[in-house]
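Below you'll find the structure I mean.
We just call them A, B, C, D, E and F in the order they show up, numbering each chain from 1.
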């Protein structure tokens, strides 16, 4: 069991390639993407539309080292600036197969 | 009340109150068509906050079906088209898609930020497949012919306005470098263009036996599927309409007037090119319609500062209902008036 | 084994073993109908723990389709109905929906907490659209006519029992203030009522051309879609049945006997009102059926202390299968016996 | 270009360039069938990275529909089958399903770990329902008859190879204890076997009136639904194909050659048993096809060390497209050549 | 990056309007709602039914200040009492666009 | 409000019965299962396929005591070894209905 950081990014589904791109550039060992039903923030209500996907968010989780987390946060800022959303960091311990 | 072909009989307990003859008001006749009625049912359900819902991704099934069906049937009719005629009509369609965004952008930027103006211009320069499909069903009910290549016109009109919109946003906006490769790919290879053109091609190259085998699915189910889809569209439109009040009077008026201006321009083009009535009507409808699938999908990546909460409610909440309810009979009446003069 | 119209021939290697003539047992004839057989297939798949699954939200597609289709076709037939006759039948339907919950509540509260008793009474006072739809298909196979306004009876019977149930829960329960506005909205504007009544209206006002255009979708696909839906219902019913043992013998017996009593009451009403056989049968089926969509949706908000794990398995796991497999032929036999006397 | 029944006319502006007479190349005729064309459209959409998508779980609707439809229609035809004939064909089918994995396993383990070799052997010993369904549609377009019991052959060939594969993995692998109960349940009661056999049974026991009522749904929509499903399969196949390069040349060659060898063995068996052309063709197709639904579902639990990223791309990315595009006309030509000699 | 509380509420989908209502009354800056496949607790197995939605849960996440978290917990109790479910609070840091 | 552990297991959907089984054997008071859209780890990209479910993950969350968490981690290891995936543990406080 290692002490790790649990980094979560909730942002516009349109930004997904960029989010994955930044995780790749930090070389995290893995990540998981979760569906989001709806959300609210500064840009108002967001709930995926059956037609357009224009208002849908995604939630990406990666468990990584503290240094990696710091780099993710830095890379994340401009993406959040353009597409809105939040990035959370919390502590966890981690067991890998 | 029952309407049989060209006669409307308003009655109570089967005794006729009034009778409308062969020259039945086309607005009324359109209002009583099942797809339009289901659209209103969807609007009603949302307004009274019923929990009626067509859960995601079922509406995608209907929209995929409509694209596949309209494409395939257009392709099957392509063989009977005059190629010169078709080429001219497609040229007109592309020109409209490239030019219409320009006048709109310069009007819109007097009131809106550049990014928003560009996105709205792209929205109204591009087209709505469901409006086209509803217009085709409307034509069929009026027993007016149209050509298969008008489906190709639908397909070629989707992308150019998006590209123009992004260029305008950059040229008059942040002037950032343009990722041409991504932009062109997103605009020209978006799902609906690929499915539509693909089905068109398939419909035109397949064997007659193959074509007959899929007929019950592709033609038989079409009007019913359209009803189902418009039921959902009614709910989505009413939801979006709720949020539009914040956007202000200017955009509401724009969403009502721009379709009329674009329709008039398209009619003039069709008139000059001597397109037959049915084709002229479809071209007019395409010009008047506004995109709410392809445009947001591309714009959100290329111009993320443009607000979908502005351009989507305009297209979905105002222009779409206006077109299918009042626009279609209006455009057809105008065309019949001028073409038969 | 093949059954052709009114003859069943049990055979091995095409040599007949026994032959059942025109007066074919209606239970057997019902058992061999495709929708019922697919229901059993679903039950079987769940019992043997197969991984067969109709993933969510596909079953919603079928249930939306069935409501839209039955509503539209009912509406199209409404024009041919005798209005006085219709009004009487609807009155009977509403009265049944208001009164049946009462006797059930007072029986149930001898054994169950008040909240649960009220919820079960609402469940059995309200109706099941799929049971109705299966009954219509059953009638069609028996070549017995029924009136379009019976679809309206289905629609008006859904909500009253829910309201009565909530009032009973409050009156005999915590006596908390009632949020009438929410309750009436949830009960009368729930999705299935809106879609059903809306489609009914649409079917009755649309043009005949419009009506014909959707026929392949609305009528042609109906029996097949019902099969698909009952396949899923079989799986859901079997899953719910598993959890019912905990609920005890009393509720199991209630779920079998209450439909019979409600059916008998409805038959008496239909007899007094001289409804024709087909309509009497549908009214009886409605009274005998139990709701599992509208009732839980409203009850969970209005009376959250009532346990869905009690009333849902009763309606879905016992009463629904009982009605479509044994109830339908039973009710029809009884009606034929009394009406032809 | 239009192809009418047995004539292909390549033309520009309706003036024929070349004409292919009645002995139209069966490969070309297959290539121009709507389902195959939609398959290519799906492949194209993925290759150009279009955002076209048939969102989950809509593809499940199509696959459930295809199984239900092919099962029901097979069942309805079962009555007209010669039982002795059917029993023999089913025996042949089961034997093939048990024996084919053996030769493949011993070839594969020269290059692959035991677990992977066993999983691939199971994949190619089992069958693909969509390949079968496409083959049936192909036969229908060629106006060649086949027997309803071939659907039963499809059903009985799904499971045995899975069991053999797991046994091989254990016998030559970790030799861990085998959970027979789970294995047999997972193999023989998986969803597609249950739905297929269930629908077959239902189709054979239902009344003719019942059978007629579902015909528009079950037969009418079939070719169109197949198009929709193959559109999605094209996208999935192209996605899987991308990942196969890592697997190396050996598995790619195996995925192309094993179907041919299995087809040849099946043809020999069919020839010895004097199956009629249509049935021989379907048995050959079944032997040549590879499973991508039932096998991974069971294998991942029973032999989790076998890599789905190896056996799934082989089946979906190579063998499936190869079979439906080139395999079908090839197998039919071979059978026509030998059977008519 | 601010130190915040990560508050999660898992409860009956029927209670969703009440959950959103209580977040609104606390004036949180935003929230996100996630779908739940299935769950188990004191009220037994709960897995959304294709027909009724009677047994489905939802998961609502909000990142907020420690005081807001306390108020949410208070407001949450009666809702959890009526509809069942749980409310979790943990620590996190937070980056906003 | 009690101090608890938040235990999350992300692994192959095929292992779901085993995951539930191990939670049952530890006698946790409840758990919640979430859908996963896609993921990446040592076994490469995993995103549920419309046909096969062969590459789909699930996410299971349980809130439990520290001792229970330790036992879950032990029981989890062989499952993660066979099916891949990760197990996270973090701290939280917890309000029950």
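Everything below uses one rule, namely that a residue touches a chain if its C-beta (ideal position, glycine included) is under 8 Å from a C-beta of that chain, and two chains touch if they have at least 3 such contacts.
Keep in mind it's a predicted model, so treat the numbers as computed, not measured.
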item: Labels of chains that are neighbours to chain D and to chain F; value: none
item: Touching both chain A and chain C (chains); value: B, E
item: Chain of greatest Cα-centre distance to chain C; value: A
item: Furthest chain, CA centroid comparison against chain E; value: D
item: Pair sharing more residue contacts (C-beta pairs) when A-B is set against A-E; value: A-E
item: Proportion of interface numbers common to chain C and chain D (over half same, under half different); value: different
item: Cα superposition of chain B on its sequence copy chain C - rotation in ° rounded to nearest 5; value: 120
item: Chain B-chain D separation of Cα centroids, rounded to whole Å; value: 40
item: Geometric centre distance via CA averages, chain E-chain C, whole Å; value: 36
item: Overlap residues in chain E, where contacts from two or more other chains coincide; value: 34-35, 83, 90-91
item: Residue list for chain B, restricted to those that touch at least two other chains; value: 54-58, 60-61, 216, 220-221, 297
item: Complete list of chain pairs which touch one another; value: A-B, A-E, A-F, B-C, B-D, C-D, C-E, D-F, E-F
item: Chain E residues touching chain C - in the complex, by the definition given at the top; value: 12, 14, 43-44, 48-55, 82-83
item: Footprint of chain A on chain B - complex, ascending; value: 54-60, 63, 232-233, 236, 292-293, 296-297, 300-301, 304-305, 308-309, 312, 316
item: In the complex, chain F residues that touch chain E; value: 1, 4, 6, 29-35, 58, 63, 90-97
item: Residues of chain C defined as touching chain B within the complex; value: 57, 60-61, 64-65, 68, 72, 79, 83, 185-186, 189-192, 194-195, 198-199, 201-202, 204-211, 213-214, 216-218, 220-221, 297
item: Touching residues (chain side chain D, partner chain B) in the complex; value: 1-5, 13-14, 29, 32-34, 37-38, 41, 44-45, 48-58, 61, 137, 140-141, 216, 220-221, 223-225, 227-228, 231
